[in-house]
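Consider the two complexes below, in which subunit A is the common component and subunit B and subunit C are the respective partners.
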Partner chain A sequence: MADIRNSGLAARPFLGGYTQDFQTVRLTEVIDFELVHVAIAKDEIERLTEKVRAESGLDWPAPGSFSTGERDDDSDLRIVWLAADQGMIIIPKSGESLLGTGRTGLADAIGDAGYLTGQTDNWVALRLVGTGSVPALERLCPLDLHETAMPPGTAARTIMEHLAVIILRESPEQFLLLSPSSSAGSFLHAVETSILNTGGNT
Partner chain B sequence: MTGRFRIPGGLVDRTQPIGFSFNGRELSGLQGDTLASALLANGQRLVGRSFKYHRPRGILSAGPEEPNALVQLHRGARLEPNTKATVTELFAGLAATSQNHLGSLDFDLLAVNDLLSPFLTAGFYYKTFMWPKSFWEKVYEPLIRSSAGLGRLSGEADPDHYDKGFLHCDLLVIGAGPAGLSAALAAGESGARVILADEDFVMGGRLNSETHAVNGQPGHEWAARTVAELAEMETVRLMPRTTVFGAFDHGIYGVLERRRDHLPPLADGSSDSRQPRQILWHIYTKRAILASGSIERPIAFTNNDRPGIMLAGAVRAYANRFGVACGQRVAVFTNNDDGWRTAADLQDKDIDIAAVVDTRSLPDGPPIHLNARVPIHAGEEVVDTRGRRGITKLVLASGKRVRADCLAVSGGWNPSIHLSSHHGGRPVWNDNIAGFVPGERHPPNLSVAGAAGGSLTLGSAFREGTAQAAAVLDSLGYPPSRRPVPEASDEPAAISAFWHVRESRGRAWIDFQNDVTDKDVRLSHREGYRSVEHLKRYTTLGMSTDQGKTANVNGLAAMAKLSGRTIPETGTTVFRPPWTPVAIAAFAGRSRGRDFRPVRLTPSHRWAEEQGAVFVETGSWLRAQWFPRPGEHGWRQSVDREVRTTRNTAGFCDVTTLGKIDIKGTDAGTFLDRVYTGTFSTLPIGRVRYGLMLREDGIAYDDGTTARLGESHYLMTTTTANAVLVFRQLEFARQCLWPDLDVHLVSVTDGWAQFSVAGPHSRDLLRTIIDPQHDISNAAFPFMACSELTVCGGCAARLFRISFSGELAYELAVPARFGDSMIRRIAQSGLAFDAVPYGTEALGVMRIEKGHASGNELDGQTTALNLGLSAMVSTKKDFIGMTLAKRPELNRKDAVRLMGFIPVDRAAPLAAGAHFLARDADPTTENDQGWMSSAAHSPILGHDIGIGFIERGHERVGEIVRAWDAVRGRDTDVEIVSPHFLDPKGDRLRG
Partner chain C sequence: MIINHPLLGPRDAAEFVHLGDAAMIDRPDWQAKDAAEAFHDYLYLRDNPAGTYRELWYHEQGDRSWLVVIRDTITHDIKNVELARDHARRRGRSR
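Presenting the complex of A and B:
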């Protein structure tokens, strides 16, 4: 390990930057993003969503869904609906600079219409991609994974193996899974087990 | 050669012989056989011994209702008892052994029980094993236990993998017989999402066992084509080898899929060895159709349990589906037209029919025309049978004897209604079929089709399956199916209720598995058991692995006859899940061993492992308990060193596990005022305050510190144990009690790696870490200060000057991803100050020395008064728990108070759990004055100390009482002292 006395602190991804190709899926720890929880101040939903739209270009998502940018440079930007007065912004590629308050200017832009709380370090993120993703998730996720019930663009909060999970369906065979970071190892193990139990050998 | 009883035809693959063994004897079967059909093909009629009398038993049925043919499969750790041979798919190398005999299967020494049967009637042990009293525990109970049960478990851990999963559908079709297939076909064709589940490995149900034509083709061929068509439908999921075992709330069904039971066990370590053997599915349905068919029932007559006496439909199934003759000379005993089909089908296969005995007089002649050579006995009954290890002849009521090596019995068919009554629904009696059918109260959105609903003909099964699917499609908004109902001729289905041959003089078996005979039912009735439930408990009728699938209605009939009532007047039989036994391993799934529950790791876990830390589970967390060093023997040495060093120089500890809740909003202060006993809206920015939270009933709930980081931003900490509970309680209060407040809660427990740095040198240590522009001098950053600042050249952090240990102490938090790096930095910087890491043990010792309450003290029965925290309870505002905290009982003058305790003999050990008594008092509940809640050895004081609750403790300082510890056998005199053993004025933590 490098001498850290003169080099500041080093960030360690919760799963060490895990990535693994299985027969029918690829499972990757997503580390190049920031999460910001947005709570809407009382009676300020219209003002807040307008400010978020002005700052990010994205609409505030409908319940049970997430919105995303349509341009190439913001296609990984997401606003996830969490509750009637809460959402989560997923901001890609901000590096390790900071902690929580997200994209420069977001806090200023929102002002007193809402409250931001850094969530990057609260969650581990796994992206599951491939034809085996739905069969693997059937062993974990109590939600209906059929595309008619969970089309791409769906966001939901659920439980997998006793762990809280936010699941985003990014495309028919691509899912982003967020789960608390302290149990990241157990969550990875649960997802890996499901992949292996559905025939997904490495 | 695959057996001398193999006959032409059937759905078995004669090009695929399969070797297997039974009781060590090497045998051969065919692909498509069950273990039962393969045993019958090899002429193995005796397959087990009965439960109580150890009577020879053979195969009775061809399905999951089997009460007799229970065998043990596999060897070693995979040994599996009580497996039904009738549903066990044959595979190469299958090793089965019979069970429940002492000695060989042929010569079971315990068969002596049969001779003792007059003494072994129902309830015999209630009457027999009464005296002498001293024999009960040492003689009778071991004796009964050793003879109870059927098979034996391996006693080893199950080496196979199991899993669970979740599926969703518009329509779950339970059973893939004619009704189920036609329902699935209609629904699937219209685009509905359908799951078709069947416990058999070949879908088709009775179509595979009968000779009916469907749409002009053999029924089994129609079934195979339909299954193939369904498999092509994108919205249809076929699940063979899958049992729907329970109907639960909200349309959720419990389903067991057997993925590998039909395959040879995998070698441990092989590439596929982790593939789950079974999967327990939760299937969420919008609608379900129960098409589970029906089960034939036997008729009770003397010695009706001999090997070779089988259900008529099963004899037909073995001939038609498996190409096996169950005997060379078969007799049929029936009370209904269906029994005649067995005779007709066997005759077509050139099997000698010894006789057809029908209890009905048949004035219009036989319902099915048979060869003129077949002796027909109308209005006749079988009253007895002969044959030691298998039937050799039957005796008719007229005295006539008929030689036969197989007797096919049909007492009619009971609809398989089980799942329809899983929500408590009572079945109703249907005279037309002399059986129970589902009542009005089904599980919601479950409908019934075909034989399961009492429609026992093939044509009605198709009609009802299609009609029920149409109703489902209509209710869910799908277009109707255009598929015509499959054409099948309605076969005769007349029946005359007949349960029991009255002329029988010997024992007639009603429940084969539990050896319950008509005499047991009579005895039960004679002894006053009138309720069906009592009958069941007294005689064990309907218990065990088959749950009386072939016995319950006959038992009811016997009881009805005795009481002079009708069957529906006598009672009904209801069912609970599971329909067939489900292995505990399948319920456990993958949740075993280290996968039982998720584990939460602290950000310093990896570093602590490198230091050789010993870990302890605290809830889901793994925390470092202590850090042993070379030369230290035992945990006490390590913990004492960690405490001494921290108090003398410095120590550091990962305290990430404490709950952290971000509270934001213009009403955040108001919100906190309402949930804490103290006032927080007045807390200045940059300051921390200790808070106590009560339950509604006034009992202490949780405690912790809350920091104010901004005008509308607070950060609350909770105890590790209550982090989730407190968050839940606060969220409830926010959403439901005070929705008008502008306040939001976000858990940030996992987001911040937090470290306590304590001891006289802690400030100096932190100065090497915190960026120099931040002044943490005592004046600028006093006790209970907090700040957002930067460390290590710009990394954002939070610093709190709070102390659990009683020392000058801080808690430093950095984003969790930097936690590993941070602990390494603290450890490295700490070298210059002789700082040591300490674990939860030292943490506990130091907080007891300081007299801080923790989980042991906030145990759900203590109040602020008990805890000595009355001063923290505001009288100027309302808060949760305020009203009920004023109850007189909680404010008695003699209420227990949190105090300190030291042993009079300083060398004496103390332990939590001891109760306090006056020195001359007996250890009785009346004399109990309180309890020791926490105790530890104080390396600073050099002896054990404890804190605990004792009546009027604050007025009794200096008094000696007994700490009476019955669990450990200790009785120690202790002195009541202040709970603050160390630095009671707080000079250290303010220094």
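Presenting the complex of A and C:
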């Protein structure tokens, strides 16, 4: 059998590393991260919270939010609340897989307090930055995006043009969106169209 | 209609899917002597009250939780919302 490791084949980003400056928004495909889904073992939320805090310094997020490091730059580790017993960890890519012996060691630290599933290749990520991000997104999803209802640090799962999306508000005018990679092209089209419809010419 | 989600706060009813009578939570004992009759009633018989009704709603465009919502079918006034899990546990279920 051919050895594919030395075949010269390389994975490409789902949207080819897309980036585009519109008048009021910069839209970028985020490619340098890994995703791990965590299902918390029954009645183990406290033990899991302790283990995650000891390893990463981050608290397990409260419902409807995500936790991140103090630096809060684009490449930080993020833990996203998804449901009562579920979360998603977004890890800046280190070249090593977190599920093995990762840089942060979170997988080893969590141990039997949670069940982990690698999700890296299943999601495409887009980041919107700029004054036009709220007008573009509020046409796409039913969430209240006003800062009083959705302050920075908020995470929510919602629907944009029938596609499931996890939305993180990283700062008042910066959002990270995750959507299934199988519909990455349609998702990009929906977001681009909304930006153009709300005055964001290129 | 706004449903006040116990974890996520007020959300538009359009984010949810409505299933119907929350009596679905109380599944009959399949080993009971009258199991056939009990399952017939469980599957086919529903109350249809003009007034207060206990219903199951699913937060499909959100955290995908099941909720038990007490709603007035005449006024659409929502009197109480809780996680179906909490509701079931209170009725003696393990999870």
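Please note the rule applied: the second predicted complex is superposed on the first by the 178 of 202 C-alpha atoms of A that agree within 3 Å, B and C clash if a C-alpha of one lies under 4 Å from a C-alpha of the other, contacts with A are read in each partner's own complex, and residues count from 1 in each chain.
Keep in mind that, in the parts below, a contact is a pair of C-beta atoms (placed from the backbone, for glycine too) under 8 Å apart; a residue touches a chain by one contact, two chains touch by 3 or more.
Just so you know, these numbers come straight off a predicted model, no measurement behind them.
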* When the two structures are overlaid on chain A, which partner does A:39 contact: first (subunit B), second (subunit C), both, or neither? -> first
Message: Quick check for you: in the superposed arrangement, does A:28 touch first (subunit B), second (subunit C), both or neither?
response: neither
Give one of first, second, both or neither to describe whether A:181 is in contact with subunit B, with subunit C, with both, or with none. first
Just subunit B (first), just subunit C (second), both, or neither: which does A:118 touch? first
Max touched-residue count on subunit A (subunit B vs subunit C) belongs to chain B
Just to be sure I read the superposition right, which of the two partners does A:82 touch: subunit B = first, subunit C = second, or both, or neither? second
Under the stated touch criterion, which partner chain does A:156 make contact with: subunit B (first), subunit C (second), both, or neither?
second
| message | Let me test your reading of the model: by the given contact rule, A:142 touches which partner, first (subunit B), second (subunit C), both or neither? | response | both
Could you tell me if A:20 is touching subunit B, subunit C, both of them or neither one (first, second, both, neither)? neither
Subunit B and subunit C footprints on subunit A meet at residues 42, 142
In the complex, the residues of subunit A that touch subunit B are 1, 4-5, 8-14, 37, 39, 41-42, 85-86, 96, 98-100, 115, 117-123, 138-146, 148-149, 161-163, 180-187, 189-190, 193-194, 196-197, 199, 201
Seen from subunit A, its contact residues with subunit C in the complex are 42, 63-64, 82-84, 142, 156-159
Per the touch rule above, subunit C residues touching subunit A in the complex are 7-9, 12, 14-15, 61-65, 83, 85, 95
Listed in rising order, subunit B residues that touch subunit A in their complex are 161, 163-168, 193, 271, 274-276, 279, 282, 284, 590-591, 595, 597-602, 620-621, 656, 662, 664-666, 712-713, 740-742, 744, 746-752, 791-796, 814-822, 824-825, 828
